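The data blocks that follow each hold one structure.
Both of the next two complexes hold chain A, though its partner changes from chain B to chain C.
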Partner chain A sequence: MIRNPKLWLSAVALVLIHLLVIGAVFFAPYDPTEQHRDLSMAPPVRIHFVDSRGQFYLRPFVCSWVAEAERTSPSGYVEDCSKPSPLRLLVRRETMRDGKTLKASWHLFGVDAPAQLSLLGTDDYGRDLFSRLLYGGQTSLGAGLLAAGLSLSLGLVLGCMAGYFGSWADDVIMRGAELFMALPWIYLLFAVRAFLPLHLGTRQAFLLLISVIGLTGWARPARLIRGVVLSARQRGYVLAARGFGASSASIVRRHILPEVSSVALTQAALLLPQYILAEVTFSFLGLGVGEPEPSWGNMLASLQTYSVLEGHWWMFASGLALVPIFLLFYAFADSLQGRFQLLDLSG
Partner chain B sequence: MILGSLLAFGALAPALQAPKADEDILITAGESGRRGGRLLVSLHSDPKTLNPVAAVDVPSKQVIALLFADLIHIRAYTQHTEPALAKSWKTSSAGRHYTLELRHGIHFSDGHPFDADDVVFSFKVYQDEKVHSPQRDLLEVGGKTIQVRKTGQYQVDFELPQPYAAAERLFDSVRILPRHLLERAYEEGKISQVWGTATDPRQIAGLGPFRLKQYVPGQQIVLERNPFYWKADPSGNRLPYLDEIAFLIVPTEDAEVIRFQAGDVDVISRIGADNYATLEQAQRARDYQLYDGGPGLEYNFLFFNLNDLSSKQLPDIGRKQEWFRRVEFRQAVSAAIDRESIVRLVYRGRATPLWDQVTPGNKLWINAAIPHAPRSLARAADLLRSAGFTRREDGVLVDARGQPVEFSILTNPSNAQRTKIATIVQDDLAQLGMQVHIVPLEFQAVMARIFDSYDYEATVLGLVSGDADPNPEINVWTSGGATHVWALSETHPTPGWQAEIDRLMQAQTAILDYRKRKQAYDRVQELVAQFDPVICLVSPHVLVGAKNTIGGFKPAVMGDYVLWNADQLFRTDLAEKR
Partner chain C sequence: MISAVASRLAQTLLLIFGVSVLAFLFMDLAPGKYLAEMRLNPQISQRTLAALRTEYGLDRPLAVRYALWLLSVARGEFGFSFAYNSPVWPLLKTRALNTLILTVTAMLCSWLIAIPAGILAAVRVGRWQDRISAISTTFLLATPDVLVGLALLAFTLHTHWFPSGGMYALSSPETGQLAHVKDLLLHLVLPVTALTVGTLPVLVRHVRSAMLEVLTAPFIIATRGHGIPRARILLRHALPAAANPLISLLGVSIGTLLSGSLLIEVIMGWPGVGPMLLQAVLERDPYIVIAATMFSTLFLITGNLMTDILLYMADPRIRRD
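== the complex of A and B ==
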């Protein structure tokens, strides 16, 4: 662990981020689709320790945003600290309808209504951006993971077949791979979307997105894996195993897959950010996950308007979140590759 | 640049500054301005043509409005008609017969004199079936054409096939063409192909305040002052004041706003509420003024697909139409939508909620008695219950057969405001237990589904009335109208309220008395508000801006909001430059 701190640090950070996203129900203070229409485009809330009289509190508190009648500040909101709301840990929120509790949930932190704890501000409809960021991560990171899993497993199977059996199987699969590499994704998705029935539910849209990204993306890993398999096939121990009468399946499983696994793992770490970005791009263009469900892509969509771009910096949140995540993935892939090379040299 | 063009013009047209004695000049009211200078305006795309007979796209119409003039003009600011090339007119035989007196001694922008032959020629061209001009439909009354006859060198008679309310408004936007330039092309059957954007500017002449000087595709169109224009200010100076108007091609609203903020263009029109707020912040520091003109004639509405689908293979939508056709269902949707929130969140307060199609911007025709029912989920729930809808244990609304109420709203993401409206509606209706999906599609695809395939469930659309008068609205509200969007293929028999609207809209065209006509149109508004064929939501305000150095700026809420009085706009910063 000490030998390769970069690998372990990036891995731990990635795991933490994913845990945060998976546990959005608990970590996010609000439901991601809940609208607070009197708080549209409010800036991030300020967390105070000292009140207006200069008194210090151990428990931080927040003030509420009040829309200005005559706009003087860039955001159009001013802080009203007449009724400060202390930050609370482990709060229970209930969604009511017709006097009945529809659902109740525990949250790590929150403030008492009517105050709003919008850590990263709110969007056009007054939805809490921090909550949307966490829930949106489920979509965006999840799409990346699933699509990478799909394209990698396809790539693994097809790459192994092409490399191991060679001759015509190799030709067919590799020409197919070239064809897929030339496919323009975005237009493909446009076309697929146009053929499908109008209202695709959020889940169907999500699955469609993953299958399009995953199914068109297998070619690159397949080519790499084929190369590795091709060289492994000629190794002495593989030839020996074959000489002793081992079946193809057992040779692939026992001798070739272990060779390939390092390449596959590194590929996965490289593909993941690519596919996350693909999901973000599609949803940004309105082709992916639709309103009101959050995704990091559709959260960025409002930045297409100049006024938002210019005056509401907090709307960049999901875009900014991508940067450290991508860096972590690349650092992880990088050190993974370094580690496998070291193993190769020593073994 | 401005100085250069000033000098050039000073040398060219000094003799034409003051009107001549034999000219029937129109003396305008209002403040007098200063001659000279150049106005920079933005245009969203290249005009397709400069030919009034062929123009259908907005940029073409915008430029053409400055190059040509009409006989009787609707003054955008007052929404009333005023004399233009016709200095006066008389009506007789119960509004069927119009005699127009034309201005004497005035000239086209190439110096050729204008008379009744040009008027007769123009109407012949517009009414010719083979020409396919967009004005042709407007010039038909009760399916028949208007007879035009020359009765003197400066007098023309118009005979309408039947009495027609507000017939003088028909003359607005029928641009008078120069017979001496276009007669040959017309006889050869090529009139709709002439005056494309590649034409030599000297071959184009009209009676508008400006004439074409230069056109660089994709960059700019420069218009220069028409030295023969037939209007003068109270001090006797011939209009227009400006030497030039240059249209810069700026493709998007955002780019337009940035260029206005940077001072690259002098006036800006049709600003979105978001951009208005952005510009407003910098208003004090910069040298421009923004105007909120209040609601215009645009109305945005949500509508369900009520087309007769028997000829189409759309069973799913057909099944949902059982809900859409229930008046209670539409009324419940209308009651559940929070219009105030749409105004606040989508338009930042710069819009007015609507309950029927006539906006408060239309002062002459609005029915003030239409109730403005506030949002009420309880009333919506009652209406749904009365129509047999119930809520399941999990909160989902189901119809009498237990089918969950679920439908989609089409939007085009290129229009951020409509998408936002749909998102608010989605959340509002979710509170009734309806599951609404928002389907973003490209604008052309949305239009194709509404107008051709009828393959949609609901959508949000906006329409802008061309005129404050109810007549152009016939197309929207009567069954069989070209923009009867929610039921282009109307069911038979038509619902009772629709039959009543059809009857009233047709009847009002023949009522000459304003008060009686208004009664008919008031009833139409009542029916629309009550039966919600479309669910009217909001009317966005007309938001415009101009640099402080532009004089005579008087934004209107119809027509071209800022350039409708281009002939009276002037620059106040000329003295220092000289």
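== the complex of A and C ==
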């Protein structure tokens, strides 16, 4: 753990982010679809420690946003601090969904209504952006993980087959890979998406998107894995195992897959940001996961309107969230690569 | 050389054939009939519909449809757009040209920045110049294209420095060739910047590593020993030796640019293939989707072919094989 801090730090940070997203029900103060129409496009809430009389409080409090008619402030909202609401930890709150009150649940933090704790502001329906960011991560990060899993396993199976059996299997699979790699990736995704039903339920759209991204992306991992298998096949211990009469399946499982695993893991770390971005791009363009379910892509979609783009910088939140996550993935992949190279040199 | 190019050309044709077959197979999986929406359009007569049906065999099996589509390709039509009520080629032609203008300009810009930046980082390896370049390329690499495009657009909406979309101003006060070109260049600034930012980090890193490898080679140390000036060593001796991986990268960079330009075109309202493809996907216009996909493949393959020829001309080691 001490020898390679970059690897472990990035891994831990990624795990924490994923936990935060998985536990959105608890960490997010609101339901992602809960609307507050009177607070449409409100800026991020300000957290105060000192009130108007200059008195300091240990417990931070927030003021509510009030829409002002004259629009003297650029956002159209001013703070009304006549009734400050203190920040509370571990609140039990009922969530509203489609006008119905759902069962109350625990949240890590919150404020008492009518004040709203929108840490990152609200969107055009007055939905809390921070909560949508956490729930949207379930869609976007989840899509990346599942799609990467799909195309890696496909690449693993096909790459191992091509590399291990060689001859015509190798030819067929590698020509197929070339065909897939000859197409610009986004165009390929578009073409496949074009011939699938346009309007879908959220769940269907999510699964469809994952399969499209996962199935079209198999070529590169398959090629890399084939190369590794090809070289592994010639190693002394593999030849020895074959000489002792081990079956193909057991040779692949016992001797070749462990060789491949390092390449596969590094590939996964590189594919993940690419696939997360693919989901974001598709949902941004309205071909992926649709409203009201949040995804980091469709949360950016409202920025396609110039009026939103001009004054509402907090709407960039989900796009900006991608940057540190991608940095972590790249750092992880980078240090993995370094680690495996070291292993190669020593072994 | 000629035989190598000929075999590559044959491969290319085979590949394009493969792509078109693949596209038709996907199209066959699509639910619903394409003419359903046209039937509801009062502007299109029953007779036109019948003519289209026989011309493209829309109710017939896949093989017949594919053969009829090949015929329309031979006529130079590339299928029929149901949404635009016109053959595809005239629609695609202008769009493809616009995309080419955008991507080729962006490619020139990114290479013109990447080569000096990469050389600088390689020469000053481990120093502050190299560190700055490493940090900034890492950040740029992690910044998604969507974000760059939207941020640039927000920037210009604030400053009004550049036009915020499209390719030409709707009403230009002055006319004439020069004003036209100036208008185009002004509209190019934002999308080209966005695309350049997207491709730059990968290019800079590759230029740096290619140069680094060459700069530590014995023959460069020998030139230094001969007292050849530094600038001459870099440009005359090191850069040509490092050209090989860079030329290969050129082919790859075309692919990333093309994929990136699709999104940037949509965000910035550039009238290229991207917005047309998006609209065709939304309007279920299969022949446009197929034609746009084929265009992108063709562009990418042509780029790769040119890369190979360049490589052949630049690298004597390949020529001798």
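Side notes on the structure shown:
The working rule: the second predicted complex is superposed on the first by the 321 of 347 C-alpha atoms of A that agree within 3 Å, B and C clash if a C-alpha of one lies under 4 Å from a C-alpha of the other, contacts with A are read in each partner's own complex, and residues count from 1 in each chain.
Basically, a residue touches a chain if its C-beta (ideal position, glycine included) is under 8 Å from a C-beta of that chain, and two chains touch if they have at least 3 such contacts.
These numbers come from a predicted model, not from an experiment.
When the two structures are aligned on the shared chain, A:T33 is found in touch with chain B, with no touch to chain C. In the superposition on chain A, contact is made by A:Y125 with chain B only, not with chain C.
In the superposition on chain A, contact of A:S153 is made with neither chain B nor chain C.
In the superposed pair of complexes, A:Y330 makes contact with chain C only, with no contact to chain B. Shared-chain residue A:Y306: touches chain B and chain C both. In the superposition on chain A, A:G286 makes contact with both chain B and chain C.
Comparing chain B with chain C, the partner in contact with more residues of chain A is C. Looking at the shared chain after the overlay, A:P184 reaches chain C, while chain B stays out of its contact range. Chain A residues 194, 197-198, 285-287, 304, 306, 310 lie at the interface with chain B in one structure and with chain C in the other.
Interface residues of chain B, counted against chain A in their complex, comprise 253-254, 257-258, 272, 274-275, 277-278, 280-281, 316, 338, 341, 344-346, 395, 406-408, 410, 413, 416, 419-420, 422-424, 426-427, 437-440, 445, 455-457.
Listed in rising order, the residues of chain A touching chain B in the complex are 33, 35, 37, 40, 71, 74, 76, 97, 102, 124-126, 194, 197-201, 285-287, 290-292, 301-302, 304-308, 310-311. By the touch criterion given at the top, residues 15, 18-19, 22-23, 26-27, 29-31, 138-139, 141-147, 150-151, 153-154, 157-158, 164, 255, 258-260, 262-263, 266-267, 277-278, 280-282, 284, 286, 289-290, 292-293, 296-297, 300-301 of chain C touch chain A in their complex. Against chain C, in their complex, chain A makes its touches with residues 178-179, 182-188, 190-198, 273, 277, 280-281, 284-287, 297, 300, 303-304, 306, 309-310, 313, 316, 319-320, 322-324, 326-327, 330.
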